[in-house]
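Below: a set of structures, written as structure tokens.
Each of the two complexes below includes chain A, the first together with chain B, the second together with chain C.
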Partner chain A sequence: MLIMKDISKIFQTGDIQTHALRDFNLTVNEGDFISVTGPSGSGKTTFLNIAGLLETYTHGEFLLDGEDVGKLNDNGRSRMRNEKIGFIFQGFNLIPDLNLFDNVDVPLRYRGFNAKQRKLRIEENLERVGLASRMKHLPSQLSGGQQQRVAIARALATSPRFLLADEPTGNLDSEMANGVMSLLEEINQQGTTIVMVTHDALLAERATRTIQVKDGRVSELEILAQQAIA
Partner chain B sequence: MLESGIIIRALMRNKIGALLIALQIALTMTIMVNAIFMIQDRQQQMQRESGIDEKNTFYLTNTVFAQDYNIQVEMQADLNLIRKMPGVVDAIQINAIPLSGGGWSMALQHEPGDDKDTVSSALYMVDDHGINTLGVELIAGVNFTPNDIQWRASGQSTWPDKTIITKAFAKSLYPDDWQSALGKTFYISQNQPMQIVGVMKNLQAPWNGWSGVERSMLVPFQMESQGSKYLIRTEAGRRDELMPIIEKALAERIKGRLIRRVTTIEDTRKKSYRQHNATNKILTTVVSTLTLITGFGIVGLALFSINRRTKQIGTRRALGATKWQIMRYFMVENFIISTFGVIFGCIGAIALNMWLATTFNLTPINIELIIIGAITLFIVGQLAVLYPARKASLISPATATRTI
Partner chain C sequence: MFSYYLKIAWISILRHWGLSLLMICAIGLGIGAAMTTVTVNYLMSANPIPHKSEQLYYVQLDSWDVNDPFDEGKNPPDQMTYTDATNLWKAKKAFRQSVNAQTYAVIEPNDPDLLPIIADGRANTADFFAMFDVPFIYGGGWTEQADINKELVVVINKETNDKVFGGKDSVGETLKIDGDMFKVVGVINTWEPKPRFYDVTTGAFNKSADIFVPFSLIAEEKVRRSGNTNCWKPSGDGLAAFLAGECVWTQLWVELKTEQDKQEYLTFLNAYVEEQKQYGRFLRPLDNRLSNVMQWLENQEVVADDAKMMMAMSFMFLVVCLLNTVGLLLAKFLGKAPEIGLRQALGASKTTLFSQYMIESACIGLAGGILGLILAYLGLKGVESLYGDTMQGLATLDVSMTALAIILSLVSTILAGLYPTWRACNIQPAQQLKSQ
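Up next, the complex of A and B:
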């Protein structure tokens, strides 16, 4: 489903080159719930950005759902993000001026669904995260946990093939974090593939597979595991 | 899929900036439309025909200072000299020059007596060469004959019994049928009869700002005065060549008088409308500046809004928005703000025009101008937001995962 082969990402600042990812290899299969851990600056976020088509890579090969991402132009990447990927951000990234209904509506409009289809999907997904009764509320009227649930509803609304979660519980207390994790587990059990970047070792363990990123590479432990899977 | 509903709801929750821009647009439109209306009004005034052959006509002043100077004889000799010169079409003595700003005004009334309704008109004293020298078109009746011409002494209060008036003057006297004015006797100075023997197509008064500028009359008078003006019409293209020749010929023909202020009608027109031109330039500058300021205001607000929403724009990109969809968001947002501005601008423009029309006796504004004003401001808005919108579209979707 997601195959990265020898992916490198080099940031150039003047004469200085920074290797954020080096020969990064990873295969994510349908139904996986992968947690990505690693120290700060290890390249987790760069991996997530590349996996989510938010950034381009410098070298290597990246196939998403069989499509060579390197051959896509900006519009093609936008389309693929919209159709196949759902994002959950650490800071929720809800639009503060829009109520929950309109927030979940944002990616659906970019997909081009009609009003009836959008309404159905919005209500269905807000129901799924337990916030159907608060559709007209603004994000600021909700707790952090509830806001992250809205973000999850927004991510799920377009029926993506997989969810990319960037520290989804990073801004939540443990109780709320636990609730969000339970929701992600439930979503995964219903068939959605999830890749989650986290600092939290306990949460990482709840994933079905854990990879460690160190100095821009998948750590040896994971490489061995991948070989075993293969 | 233009997100207009979402944009309106978002604007309603964050209205101060948008409201200020909408107000700026409204104010700009109010002032712009009325200023353009005033410019157009002045342009139309400036384009009105004076009725005379402006390109080929000039005048000069003849000031007599000698004691033993026979004004009647010498004036006739002057005119004979000028009229015989090659290249001259005709020449007259005249009391006032159209558009020059100084002249005579008299009123005609249907019945003799005090407290009767009168219609005022500019008055030009000319001889039987008046029609030909001015180059006006006689559309009804006849010209004066040499026998009609009388000498007018300084301070004389009696008037000749014939006049030729403009069609506009005839219309003022007979609004339903101007032609019926021909042959009718009216009264000047309350009780002196004056018959209308001819009607001219048009001849403007000396005062361009006067509401009755198109009302003029010719009376068959020659003035026995120490200061007079000669109006000279030349063949096409020979005016500038003949001006110094005639000036010199007159100066040399007889001493005891000064020939001065040789001026073309074209220069008189320019001088007459100098204030109009200057006002139009000022109004154009004000309107252009105001429109530019509004444009900059839109750029400023859009840039501020984009800087404030960088993460939000990155998130939208992450959720699948293309660059064009991001650009379109800001362009639609601007269109919505402009729409509110233009609606209030229309109301403001009409209200200001109504006030101007009442206070300064202007004609009401036409709807086309309001439509053009609205379209202009929509275009200005869209052009102004183009750069910020483009900048927004270049925000990386990776901004969504960055901590700002």
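Up next, the complex of A and C:
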């Protein structure tokens, strides 16, 4: 489903080059729940941004659902993000001026669903995260855990095949974090592929597969594991 | 998506109401100032008779002093002597021709309960009404025969008809003007060409006349002439001597259908002047001119230079206001960077975001345009009260000016919004999402 071959990402600041990813190789299969761990600055977030088409890569090949991402223009990348990828962020990233209904509505608008389809999907997904009764509330009226649930509802609204989560529990206490993890597990069991970046070893263990990123590369252990899977 | 963009724009404007209000005020002030001066200039320079302004010509002959040219030799006299005007009128070389001059008169209404009225009048020949498409409610103009026979006939305007005859069809009624009984032959509807092109020498924006009488009655002393009179040599005592003298106080308009007609008429004018030279007149070199309506208004500088200057300055002010708006929009849109990054992550392309923020700019522009219209209306009222009668009728916003104000504000704001929107759409989503 996701294949990265020899992906590298170099940030250029003046004369200084920073290699965020080098020869990064990873294959993610349909239905995987992968946790990505690694020390700060190892390249986890860069990997996630490239996987989510939020950032371009310098070299290598990246296939998402069989499509060569490197050949897509801005519109193509936007379409693919909207149709195939759902995002969950550490900081929830809800739009503070919009109520829950309108927040979940955002990706559906860009997808071009009609009003009836949008309403159905918004209600269904807010119901799924247990917040259907609060759809007219503003994000500021919810707790952190509830806000993250809204973000998950928004990510799921377009029925993506691929969910990218960047420290989804990073801003939550352990009880709320546990609730969010349970929800992600449930979503994965229903068929959505999840890639989650986390610092929390306990949460990482709950994924079906764990990879470690060090110095912009997938670590040796993971390479061996991938070879074993192959 | 358009309605969605409008909804998002509305929410954003309300959320950042302070910034939005500042932008609306900046655009409103700029548009208000620009539209006030544009409207005055537009109405000053409007074509008062667009369908035939190219066929109506004002005639000028240089009959002035050989040693002291009129207007330092740049232009022939702006009016004509009685002798030349009547000679050219009698020659009938144009399709239509009208001599006219300003008069004034006292009307004594038939109803003894009504007080006498001092009326602004115009003494003109019969073709005047047909040449200038004067609209009649009742009756019509007089005939050429009435001019020749010096008949006591009068055409009155609607206002005078309302005052003296209670608005009824007064054709055939008599009206006492300066002690003589005149027969009403026509009543004209409200007719206020702006500028009052047919006589700019007595004020391009003055009211049109209340009564119109045959020009030939001036020589009969049945009506009193007024208006500007310029003489380059003494004319002697008495009206007859004055009329025969070298004083200019009449205006001659001719209607010529084609360019060939114009050339032929000019040839005729030159021949006329050559002939007059034999009588010891027209000592200056030939300088006879035919100016169509717009050329004549331009020649007479109906749009004052200071009005043009004011307009240029008001547009500079609009540019300053727009530069402020650029800054404010930039601050607003860049403040939305996290939201823009998020929307990109959720599937918005740069084109989509560009449309969304341009619509938000346009909404602000529209609100600024409406405020600008209100300010322009107030500005025009101010101009009117400052300049009084001179600006009467010039300080009004018509449909085209209203549309222009809205279009100008929309276009200006969209232009002002281009750079901030472009900057906003080029935000790197990854950086914004991480920094939240």
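Note that the second predicted complex is superposed on the first by the 230 of 230 C-alpha atoms of A that agree within 3 Å, B and C clash if a C-alpha of one lies under 4 Å from a C-alpha of the other, contacts with A are read in each partner's own complex, and residues count from 1 in each chain.
Basically, contacts are C-beta pairs under 8 Å (C-beta built on N, C-alpha and C of every residue); 3 or more make two chains touch, one makes a residue touch a chain.
Just so it is clear, the model here is predicted, and its values are computed rather than measured.
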In the superposed arrangement, which partner chain does A:132 touch: chain B (first), chain C (second), both, or neither? neither
Tell me which partner A:1 touches in the superposition: chain B (first), chain C (second), both or neither. neither
Chain B versus chain C as contact partner of A:72, first or second or both or neither: neither
Kindly classify A:10 by the partners it touches after superposition: chain B alone (first), chain C alone (second), both, or neither? neither
With both structures placed on chain A, which of the two partners, chain B or chain C, ends up touching more residues of chain A? B
After superposition on chain A, the chain A residues reached by both chain B and chain C are 45, 49, 52, 54-55, 74-75, 78-79, 81-83, 87, 89, 91, 93, 95, 97-98, 106-107, 109-111, 154, 158, 166
Can you check the complex and tell me which residues of chain A touch chain C? 45, 49, 52, 54-55, 74-75, 78-79, 81-83, 87, 89, 91, 93, 95, 97-98, 106-107, 109-111, 154, 158, 166
Okay, in this complex, where on chain C does chain A touch? 1, 4, 11-12, 15, 338-339, 342-352, 428-430, 433-434, 436
Residue ranges of chain B touching chain A (in the complex, touch as defined): 1, 3, 6, 9-10, 13-14, 311-312, 315-323, 325, 396-398, 400-401, 403
Touching residues on chain A, where the partner in the complex is chain B: 45, 48-49, 52-55, 74-75, 78-79, 81-83, 87, 89-91, 93, 95, 97-99, 102, 105-107, 109-112, 138, 154, 158, 166
